[in-house]
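Following this message is one structure expressed as structure tokens.
Per-chain numbering from 1; labels A, B, C, D and E assigned in written order.
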Amino acid sequence: MTVIARRLAGHLARGIVMILVVATISFFIVNNIPGDPVAARYEKLIEGGMSPEAARQATAVMYGFLPTGSMWEQYLSYMGGLFRLDLGISVTRPGAPVLDVLTDAAKWTVLPVLIGTLLSFLVGVIFGVYAAIKRTGKLGDALAISGSLLHGIPQYILAMLLVVIFATLIPILPADSPVDILFDPGWNAGYIGSLAEHAVLPVLTYALSAYGGWILAMKSSVVTVLGDDFILAAELRGMKRSIVFRYIARNAILPLFTILALSLGLLLGGAVFIEKIFNYPGLGLLLIDAVSLRDYPLMSGAFLLITAAVIVANIVADLFYTVIDPRVRSGEEVS
Amino acid sequence: MTERSEGTVKHSAFGAESDEGGLRTKQAPGVRIDGLTVVYKTTAGELPAVRDVSLELKPGTITGIVGESGSGKSTMALSLLNAVQPPGRIAAGRVDIDGLGDVAEFKGEQLRKARGRHIGYVFQAAQNSLNPLKTVGKQLLDLGRSHGVEDLRALVREAKELLGRMGLDGARVLDSHQHELSGGMRQRVGIMLALVLNAHLVVLDEPTTALDMITQANILKIVREVHAERGLTTLVITHDIGVVAEVADRLAVMYGGRLVEQGPTREVLADPQHPYTRGLIRAIPRLVGDINEAQALPGRPPTLATVPKEGCVFRERCALRMDVCDTVDPAARPYGLRIVACHAVDQAVKVPSGEGEHA
Amino acid sequence: MITGTGITKTFKQRGNVLGSREVQALRGVDFSIPKGGAASFIGESGCGKTTLGRIIAGLEAYDDGRISINGTEMSSLKPKDRQPHFRRIQMIHQDPYSALNPTRTIHQTLHAPLKLRAGQTGRDARWIEERAAEVLALVGLDPGSVLSRYPHQLSGGMRQRVVIARALTVDPDMLVADEAVSMIDVSLRLGILALLKDLRERLGVSVLFITHDVATSRYIGDDGEMYVIYRGQVVERGPVDTVIADPVHPYTQSLLSAIPVLHGLEEPGSQPVVPVEALDGSQEPTGCLFARRCPFRRDRCESERPVLQITEGAPQEHACFYPERRDVIARPMSGV
Amino acid sequence: GGGATNKSSSGGGGGLFTTIDVNRPGIDASAPPNPYNPKGNAFPGYTTMKLGFVVNHLTDPNKALPGMAASWEIPPDNSSITLKLQPNAKWSDGKPVTAEDVKLSIAIAYTQGSTAFAVTPGAAGAAADVTVVDEKTVKVTQDLANPSPKFARGVLDTTVLPSHVWNTAVPATIWDTIKAARGEGPEAEKAREDITKLGQQVIAFAPQKDVAGGPFVLERANPGEALLVKNKHFFNVANVVPDQVKVLNFTGNEQIWNYLSQGKLDHSGFVAAPTDVMTRIKAAPGSEVIKGYSPVAVSMAFNQSKKPYDNVHVRRGLAYLIDRDQVTKVASPEGGTAATTTSGIHQKAAGSWIPETLPKLEAYKPDPAKAEEEFKQAGLTKKDGKWTLADGSPWKVSMHAPAGFSDWLSAQENIKSQLIKAGVDAEVVTTADYPVYLEELAAGKYDVGFWLIALGPAPYDIFQRLYGVSNGWANVGGKVKHSAAGKSGNWMGGPEQIEVDGAKVNPGELTAKLNSVGPEEAKPIMSQLAQAANQDLPVIQLWDYINNQFVNNSRFTGWPHDDELLRMGQGVLPSGVWIQQGLIKKKQ
Amino acid sequence: MSIVLESTTATMRRNFWSGVWRVMKRKPSRMVGAIILLGFAFMAVFGPMFYPDLLPDDADLISKPPSWAHWLGTDPQGRDVVALVVKGSRYVLLSAAVTAVITVVVGTGLGLFSGFKRGRWDTVLMRVTDMKLTIPGLPLLLVLATVWKFSNPFQMGLVLGLLGWGGVARAVRAQTLSLRERGFIEAARGLGLSTPHIVGKELLPSMAPYIAMNMLIAVTGAVYAQVGLFFLGVLPYESDNWGVMLNLAVFQAGAMIQPLALGYLLGPLLAILLLTLGIVLVVDAMDEIFNPRLREE
């Protein structure tokens, strides 16, 4: 257990450093944007006859951090806010704290991403095992090739294809809002059904685009494990097929769990294309909107959140590994 | 994690009655390998790794197979369990095991049940023959379940006793993962798993490769003792003649997929007939005596692709090469208690027929 | 002439935040290998043979002690200046499969060090080619057929010969052969050993032979010295044949007892020594390193550590308080 | 495309009306029902009411449909407006709409700054006083220091908010602050600061529940759409047909095309669409595109501080090279008509304002020969078929446009190809978005950009786009000041005096005059300005916009077809106005 | 003798290419892949030369469906889509090439340095790499798009490259560390061979399949990323660009709802899919090409 605790402590320390670094990067990026909106507004207020103090205050209301003062002062106050989970106030939605906007959007991202990823993981892993076992056969080949191709197709192209097919050519699935407004929100069949119906295409896209990766990873992992001596040894000891299969599966899937955790972290930010194409109001769309509408506090907030998700996923992945792999648990490194 | 030296072990453990009906009553089986040919599919077509090999393992004996790398030892050992891995397959021949039948014909469940319960196999790379994610104990239980052992407790007890017999702390080992065990310990766990279901035919593929001298000596001793105590038929495969000389009653020499000579160990060592056997023995570095007596064999061992398709497989490196060797594959013929496959030996036997039956 | 005194080496296994394990790989080893001479290190796995070999070949730094090569004290030199000296000591690795770059032909492999040498000595490209053929011929390979091949196209024995040829390109004073034959087919081992011996005799290269197969150490020359190493300490040292025939340290004796007997050709020794326990490097004893495993240990062994010395009644150096001759090795059966 | 809309017409009675809010940024589930919040979920015309809904008459800026004000009176001198509120007007919570509501709404308008209600000293057309005459009557007088003919428009275009909800958004003393702010001196300055601060507060004000004055009230919003239900207390509720309104969020033109071609929208504002898409949309059952006047034109504007655009001959040469018909055909075939000439006025309005002058203006029909002549006059030289600057350095017409503006980009691409064919090197450069575009444009960073002009109907508004702040003339407190090129937002950098038919005129002064004169006096001035623009070409007028609205007759009918009803004031959803006015009927 | 030897180098070089040829021939799919990639390279290098600087447009042929004259139809400007794809390939592939080169050079360089030097440098570099890998690329690009203008393919490639080297560095370092333990590297050091020789001649060739694979993957990644960015519309408009084409096709020509404009969408889409396919097929051969054992078999 101490190994876990020690690792956790190390990860947390590193994670915090990482967040600070990213926050710093995004702070300076925002501060270097051409036509700095903060300064522009400040200047405008000044031109409009406002005293510097008042202008400063008025801008502060809008942007959540002070536009004047030395870069250092601004930076420190921004970082100070960060520690209080205060990411400033959205520009395009005045009055709305960035954190609230982000949590609103995040809930629309998390669920489809989670479902899509888990679905593709499940299917990909099963087919991956199959493709590995039948790797010399036609079907195994077909599975592997389908995997490579799906893995190779960019997400946005997949999404577009799905829209064209299921929303335009045969319009059977919605690809606009996340839920039909006519249903009363809550735990009623209509609302949930509508939510589900609207999530089908995005989830399908996540699932399809990730599926290729899983099947390939699982296939190669299984092939590696199949080559391991202990599998042959188990067979030679006359172990039941089901048990041998479990040995293979468990050992092969182990490295994939790490990737799973990591990809869940990455998908928060990777949802950009899908959300754009399906108009799904999650973090990705929020980020694009923030970028195209130049809502800097929102932009850097979203970026921070997405990075934080990756960091958390990293930690989870590692701890997970520590828990399930006895070699790591006992402090030995496995490469 | 220390290994206890033997002596404190209750030998009675092996005599204890087990609840599994009939397990104890089994006898050491005899094995007859007949005309075994195993081929591997390669880019150059199917090539034999073991060709027309016949070998008898007498009940209760230890047979050793020696041969250089790639001579087909492991392939042959696997054939005993009908477990040659694709792209290989048994192309011809029988493997008759007493009380089981021709294993080469076995399929599916029948084959699976034979493995483990009737034939124990100790892996060439015993170091890696355990599932890294599970404790030895859990794997033992999996093994028990696979073979329908009802009283798993008894099985664990049996395993502990076996491990204790080999000088290990059974409870501790069963609780360990593979990475927590040293090479020698892993090898002993491998032997335990091969024997715990009371198999009486045991195949050990290079049981001591990668172990150092002292551990090797220790394992060999265990093999010998366990063999005797449990009444086994044992096949030991190795490239090290010394190992065979230590443990085996009978010795078979493999070269290029063929068995070139077999017979009682002492006899073969003392008076090798096949030029390859002779060369092999002569190539052993000796602790004492004139170092110039020992000589390397010229040439190099063949690989699957370079094994001659016809004629004697050894002729390229043979000092006694004759014309007939290029075209005719020498048949394995009895030579006293031995069987030798060599044209030169044939001739030698034919000419001075009266003598040389016993060396 | 290469000598070393008091070589120590401790590995700190990089652990996590809270602790790192230390392994005392060498504890004050002295050695001396004369020009053209031979020495062999034997011992169990993990006792430090390779580490010492690597230190001698300049591939590993040592913590303490001094090494002098042909009279030049290494620690007095800047690391940069040591290089040319250490280059005179070439290592032959155990695994001929990994010792050659699979992506380079034998020609390329030999060419690089020869070119370097040609540059230093002002020789031309022609010399390089000639020399390449020469060293291959020296190790008994046919240059014409070998040069253009990739390592995977050669057998293990040929590869090991190429490795030796490559070492010869720099005209070394000494070859450090670390288990140089253990991965080579039995039938070919002697060939390599004979080659090493031959090189010694013909070129005056000294050979340091590392092995745990005691018997092989005889084959690089009977004038060699044998160092029996246990847990980083030399426990017995003397002429090869003496140590083999007349070991006095229980550790050497247990090593020799463990050698399989060729029943039918040999008879086992009458007083085999079997260690009480397996090697366990995790505990650091205060007394004799071997005490825990030694069947003959007495109280003194537990509290005091013996040093390498010559005592009466034993022709070789040993580190045992109670040296005693025992008949451990197998001997050829009379009449065979 | 969504499948949900069809299947659940759950409203009953008049059914569900589906429209789309083409304003960006669109609906935000978490935003409050606050018309001043940039993302606020208030739907002007549906849930919020203005005093009146101003319409785009060709020449009369004060024309409006009744809103919360049932009627109003404006004296001939434009000095005040007296508003009579709807007698039965009630808020959606049943409380009556009173003059006090209007007064508070005006106070709130001050915090945001509006044309009529601005605290900026000397602003044209600003209100001087607001008096509650009685429960249902409010009188607003104009500050005659700097009067504007469209004062009434500014007043009418005020959103009326329920004071019992919004009185917490601003302090009770706000009128004192406003009064103080309209004065001069440090106190006034302080007061103006306070007003700005209040402005922020108002923007962020978030009423718990929507209390609507319009025909509908916000039921709920999610990120993609909002649901409005009928306001039972609305004064004209008897004539409001739909029971529910679904307002979709605009996410892209393609989304609207998709809905329209599937017949899912009852009404949508116009979005540009390629011909094929348009054909499909029109082919949808019940689909109809209604067209009307849109007082906007787009032009290619020059930064005259950059060479060679300072030379009028270069500009004229370019005008002779660009085939506006082709440009329009490529860029905006449905949404615009190619400008017949550059007059600074939308051609439809120009017919009313300057009927005599219009035919006399140079049409700049594509004519390479004339262009060549003009370029030569400007000292440009042609080398290897390429025009170079007078000093021999290469010339590249670098046109800028904001990234999202597809019709502008298409137009520029087309112009680029036309110019290159004629030997004038050209390129199109995009700017990430409109705010940055405007900022960089104003900072004088571009040589050539696209610029909206002819913003009718008020004459001053029309020409201040050419001869206003962007060209150096600032109208502060009725006094015109000219600042040099590159200063105070003067990015066009035209000369202060230009020659029109031999006479020197100051177009900025002339334009400023339009701000205070009546229509009849305006006409000759506009004629003069049109000629000035036509000869001096600060911009090349490319096309005049047409106001299109997409409607569908399958479920509702009664769509207006006359120009004035088609386009409402800024940000209003016209279908809401049509519904509240009782124009829209259920399809029988 | 020396003449024989000297010619061996030349023979070997010849052998390498004949080996490559053999490897490619082993599976027809690889040949297809190679042909596709060569086709794209040709298209990017020479393709634009077949078209005038300014593509002819025809206001009467706006957004037309595929026809004989215009295989993939025309765009909303009335230009030929095939021509646009060909002209656009240069930007895409050039920046992808720049990305690949930077990714590989920086990644390999740092990985080699880190793995070879070990010690403190290694720790520091790998911490930095880890951090870099933690920052999600696409969002970072979106944010960077507000600062950078990406005005030409080199800049685009540069930025993508600077964002993309982390994975390669990690992989190369791991490889270096494991190769370092191999006898032949140690032998080279023992022989006194220079570090440049060891790194360049001994280490790098062993990692060539790795690097080549990473390079191809970097190319795909770069193509996706930049086309995606343009598609999202967060980067300034560029004429003749696949991503812009996609963007215009979807958001302005309504290709997703308007089958007639599908050609405009399909142009860049097929190009990307084909490129992907080509790379997927060729990557399969990398291991065999650079591994003499597999190559010669």
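Throughout what follows, a residue touches a chain if its C-beta (ideal position, glycine included) is under 8 Å from a C-beta of that chain, and two chains touch if they have at least 3 such contacts.
Here the structure is a predicted model, which is why all the values come from computation and not from measurement.
Identification of common neighbours of chain B and chain E yields A, C.
The chain with its Cα centre farthest from the Cα centre of chain E is B.
Of the two chain pairs examined here, A-B and A-D, the one linked by more C-beta pairs in contact is A-D. Between the Cα centres of chain C and chain E there is a gap of 49 Å. With each centre defined as the average position of its C-alpha atoms, the distance from chain B to chain D rounds to 93 Å. The distance from the centre of chain A to the centre of chain E, with each centre set as the mean of the Cα atoms, comes to 25 Å.
Counting partner chains per residue, chain E has residues 145-146, 233-234, 250, 256-257 touching two or more of them. Annotation for chain A: residues 34, 167-168, 292, 294 touch two or more other chains. Per the touch definition, chain A reaches chain E in the complex via residues 14, 18, 21-22, 25-26, 29, 32-34, 148-149, 152-154, 156-157, 160, 163-164, 167-169, 266, 268-270, 272-273, 276-277, 287-288, 291-292, 294, 296, 299-300, 302-303, 306-307, 310-311, 314, 335.
The touching residues of chain C, when paired with chain B in their complex, are 44-45, 155-158, 185-194, 212-216, 218-219, 222, 244-245, 254-265, 274-280, 329-332, 336. Those residues of chain D that touch chain E in the shared complex are 1, 252-254, 257-258, 261, 272-277, 280, 326, 329-330, 401, 403-404, 406, 409-410, 413-414, 416-417, 420-421, 428-432. Listed in rising order, the residues of chain A touching chain D in the complex are 34-35, 37, 40, 45, 48-51, 54, 57-58, 61-62, 92-96, 100-101, 104, 108, 167-168, 171-183, 185, 190, 194, 197-198, 279, 281, 289, 292-294. Residues 136, 228-230, 232-241, 243, 247, 250-251, 254, 324-327, 330, 332 of chain A touch chain B in their complex.
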